[in-house]
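Please read the structure below before turning to the comments.
Chain naming follows the written order as A, B and C, and within any one chain the residues start at number 1.
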Amino acid sequence: MTLTRRTLLKAGLAGLAAPAVAGCNNGAASRGTGEVIYWLWDSAQLPMYTECAKVFHEQNPQYSVKVEQYGWNDYWSKLVTGFISDTAPDVFTSHSSKYPLFADKGQVLPIDDYVAKDNVDLSIYQKGLPERWIGADGKRYGLPKDWDTEVYFYNSALSEAAGISTDQLNSMTWNPQDGGTFEQVVRRLTVDAKGRRGDQPGFDKDNVKVYGLGYSDAGGGDGQTSWSWYAAINGWKYSEGEPWGTKFFYGDPKFTDTIGWWRSLITKGYMPTYAQAKSGVDITTSFGAGKYGMTPNGSWMLGTYAGLKQVKTKLARLPIGPIGPFGSVGKRMSMMNGLADNIWAGTTRREASWAWVKFLGSQTAQDIVAKAAVVFPAVAASMPAAKAAYASNGWDVTPFLEPVEAGDVFPYPANPNAADVTAVMTPAMDAVMSFEAEPSSLIKANNQVNKILSANA
Amino acid sequence: MTATTNAPPISRRSHGDRKALPKRRRSLGDLRIAMIFLAPATLGFVVFYIWPTLRGAYLSFTEYSLLSAPRFNGLANYERMVQDSFFWNALVVTVEYVVINIGVQTVLAVGIAMLMYRLTTSITVRAVVLLPYLVANVVVALVWYWMLDFQVGIVNQLLTWIGIDPVAFFGDSHWAIPTIAGINVWRHMGYTALLVFAGLQTIPSYVYEAAEVDGSTEWKTFWRITLPLLRPVLVMVLVVTMIGSFQIFDTVAVTTQGGPINASRVIYYYIYERAFTRFDFGYASAMAMVLFAILAFVSLLQLRLLRAKESDLA
Amino acid sequence: MRLSLNSRREWNVGRVLAWASLIVLMLVTLFPFYWMLRTALSNNTQLAGHPNSLLPVETTLGAFKRVLGLSTLQEAQAQGGSGASVNFWLYLRNSLIVATFTTICQVFFSAMAAYAFARLRWPGRDKVFALFLAALMVPPIFTLLPNFVLIKNLGLLNSFAGIILPTAFMTPFAIFFLRQFFLGINRELEEAAMIDGAGHRKIFFGLIIPMSAAPITTLAILTYINSWNDYFWPLLVGQQENVRVLTVALGVFRSQTPQGGPDWAGLMAATLVAALPMILLFLAFAKRITNSIGFSGIK
């Protein structure tokens, strides 16, 4: 009996062992010498880059590209794990907030030599974009492939019901003391549970049904889609270098006043509380359910807003600010950010990777991107095609373009210590926006940030 | 080969062998056989427990970004830890979590065990109560994240229906840790209850008969008799759940990621953040060393309590 | 063994309250599972608008189709999902392989070690045992990263061996658990066998193991559950498709939600799919599993 049981056990183990052994062997899947593995995070961009890969392969039959998509939340930790375990992708979509650290740690390849050797023409890109991808060490790490700015997405049915004209929405002014005509618009759009608007007597700020202005989080250290343009038109800069600074100015009154004003919108009932904004229902879903009158957001979200079937969304320009050069009237400014692709320093397929990066930065690829109407292409010549593609989807994207053409843009605050800065600023801003700390607490946070920067210098 | 036939008297219990063996000829005893039996486990122990601990200890004295070689920097990491407000916050938050989690879980587990003991022996009840334990932590966290949502979660809908204002379970810094503790309790209370239940079954019936003869009420019997007799079981449950509690990570990673405003940045999550997102592995190792020391201290403290594990029955 | 003080089955307040509590407990335990099902059967885009509905909102199998990779990109995006899917059968196979091998190896090697600590006599035995036990207190994250580096250096990343190895040989809990039981086995039987000329090997396989069937089964079940539900280590070591287990796949699916709102219906469907194998196993062996938990070394 024991023998039979033992034999069964052994047979069972052997049977299970086979697939396990097979499984042991498949770690290094064999891939061709010309095959490039490419990562991106936005599922909406997957189709157009798959198309680019197809065209690239047709033009360069000796190379091929395998595109993989992982969501933003896990993208960076998977990438870092890949760096550590030598299994990182050859080329990956990168972001201004992340690549400086990778460059600092020697994980991404500088492309200056390749650019010089192949005589890549950098003038075809929108003004200011190529410089964004020169690191703090002066080396170039990517070719621009798209760009984005911010505007307000507003619910046109709600604005019409409030009697606010399109002209009003596109000529708002702002200042940190009373919010200018912008705050008046927001106030008018806010409706309480009994139907009273924010500028009507008896408005109940504790029982609001529709908020005039929505937001998704406290903005961390960049505030890209929440407060960056207010601070900018107030005359504030993130750091003394643009972008590579050695100290930040989060303690500057121009900034703390801006945040103080922004937070006051919650007190007045025009914006939801922090807890509500951060709940599992995100800003676009709430907007789509008619809970917000206006939401600021980036141009990469146009597709998402288009998918909100229950509201008719329109675009409004950012407000004009109080500070102007030579005492003139202020201007509207927007952050301009742009993505590029980095090559992993440990790649074994350098030529193929460079060929792919060069192709993605070329007009051929950018025209494909333009036609997909998901993001704005970095190549200036592809922009008309993009405009037309967006127009056929019902979007007039001029509000996004104007600050770029006028040169009234400022860069994302990139820094090799971005992760550490975020780790300090995000809780600090969260605390201010949930009324657990005053805007003046940002001075202390700024000191912490500067201490980190000087320690790592 | 015949085994030794000089077996000691049968009455000697194996626990007594710890004291000096009078018969020297057994000094090596079964060492050779023992080594064979122990070989695989020792291999695993040395390679996957001892070596990493030693290496972790070494790394805590270095600056290490995981992408290049470690650089020795003496006590710098430990000095930094003393001044790191995030670290102290993490300890406070973790202790808060452990206290709430253990407290509520133990009370509920005893209550559930008593219910199962006195009301029904139905296997269905026991199976249902055990069900949450079978599901992975990340699954549980995700489901509760959805159910407790501030705007569309069913729990808040129920609260508004009763007339209470919705609660931002994950968005309010005062609620974050209690909520995470609550989720953990939901998952583990059945399992813990079954452990206590088994302990209840070892209490002999004559104790209860005597109490009934003396005219004791249910409540009194529970407090004066059942609970004291459960002491060894409860202590074991406490030890097991305490060490596990300090290791809370999955739920935080899925729901709050340390927020809001550091309210749920438990020590494990902070160590993970430092190691993997900020490339500060040396510092993370130093914190892990400190955590190890704390756990060792707490466990030793509990082992002292365990000495009182003799049953009051004897 | 169960004793009822109130042997007269009268319905007093206490009893009613007790039953009410039990019912509430069962509801609280079961409701989240129902809610997972209800959400998974709903149309994702309608979810935010109907939070109170106890029944699925616009009942549809869309979420399950998305999760199992049976729907097209358009269908998925129409319901608010992305093109992501869970290659269910592959990940199920992977989880099965990892959990089964881990359980078999761990239980077997730990039993051997427990026997050495419980029934064999050799110098320094209890000190070494205390050392093994001390490993219980080492925070997993401490051993995690050096183990990761070791597995990487051995070239075992993204392989089943890499995922299974660290716990395949022993865990302190397993040895502790089994040792307690082996200690309780009557020495007389063992000595009788020894007098009959049996060596330790025969005693172990022929006597100890069969007599300890119950605690060994318990340990095996517990190990299987823990291994199945393990997330962090397989996440670090088993990223590639061919070795990815269900819990990691769930994490990947969750991270692939579209830039806008999360695909809650899809997420709930994915969690159901990930939890299903364990639940089915449980339903099949409910009685045995539930009874086994009681043997967890109380003595």
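The rule is short, and it goes like this: a contact is a pair of C-beta atoms (placed from the backbone, for glycine too) under 8 Å apart; a residue touches a chain by one contact, two chains touch by 3 or more.
Model, not experiment: these values are computed from the prediction.
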Looking only at C-beta pairs in contact, point me to the busier pair out of A-C and B-C. B-C
Could you pull out the chain whose C-alpha mean position is farthest off from that of chain C? A
Could you give the separation in Å between the centres of chain A and chain C, each centre being the mean of its C-alpha atoms? 38
Measure off the straight-line distance from the CA centroid of chain B to the CA centroid of chain C, and report it in whole Å. 16
Residues of chain C that touch two or more other chains: which are they? 48, 251, 254, 264
Touching two or more other chains - residues of chain B: 146, 151-153
Which residues belonging to chain A are in contact with no fewer than two other chains? 81, 84, 280-281, 286
Could you list, by residue number, the parts of chain A that touch chain B in their complex? 76-77, 80-81, 83-84, 101, 105-107, 273-276, 278-281, 286, 419-420, 423, 426-427, 430-431, 434, 436
Which chain A residues qualify as touching chain C in the complex? 2, 13, 16, 19-20, 23-27, 29, 42-44, 46-47, 69-75, 78, 81, 84-87, 280-282, 284-286, 288-289, 300-301, 304, 307
Within their complex, state which residues of chain C touch chain A. 48-49, 73, 77, 82-84, 93-94, 97, 100-101, 104, 148, 152, 155-161, 205-206, 236, 239-240, 242-243, 251-252, 254-262, 264
Of all residues in chain B, which touch chain C in the complex? 1-3, 5, 7, 10, 14-15, 17-18, 21, 26-31, 33-34, 37-38, 40-45, 47-49, 51-53, 55-56, 59, 111-112, 115, 117-121, 123, 125-140, 142-144, 146-147, 151-154, 157, 161, 186, 190-191, 194-195, 197-199, 201-202, 205, 208-209, 211-212, 218, 221, 232-233, 236, 243, 246-247, 249-250, 268, 271-272, 275, 281, 284-285, 288-289, 291-292, 295-296, 299
Quick one: which bits of chain B touch chain A in the complex? Just the residue numbers, please. 65-68, 86, 145-146, 149-153, 168, 170-173, 259-262, 273, 276-279
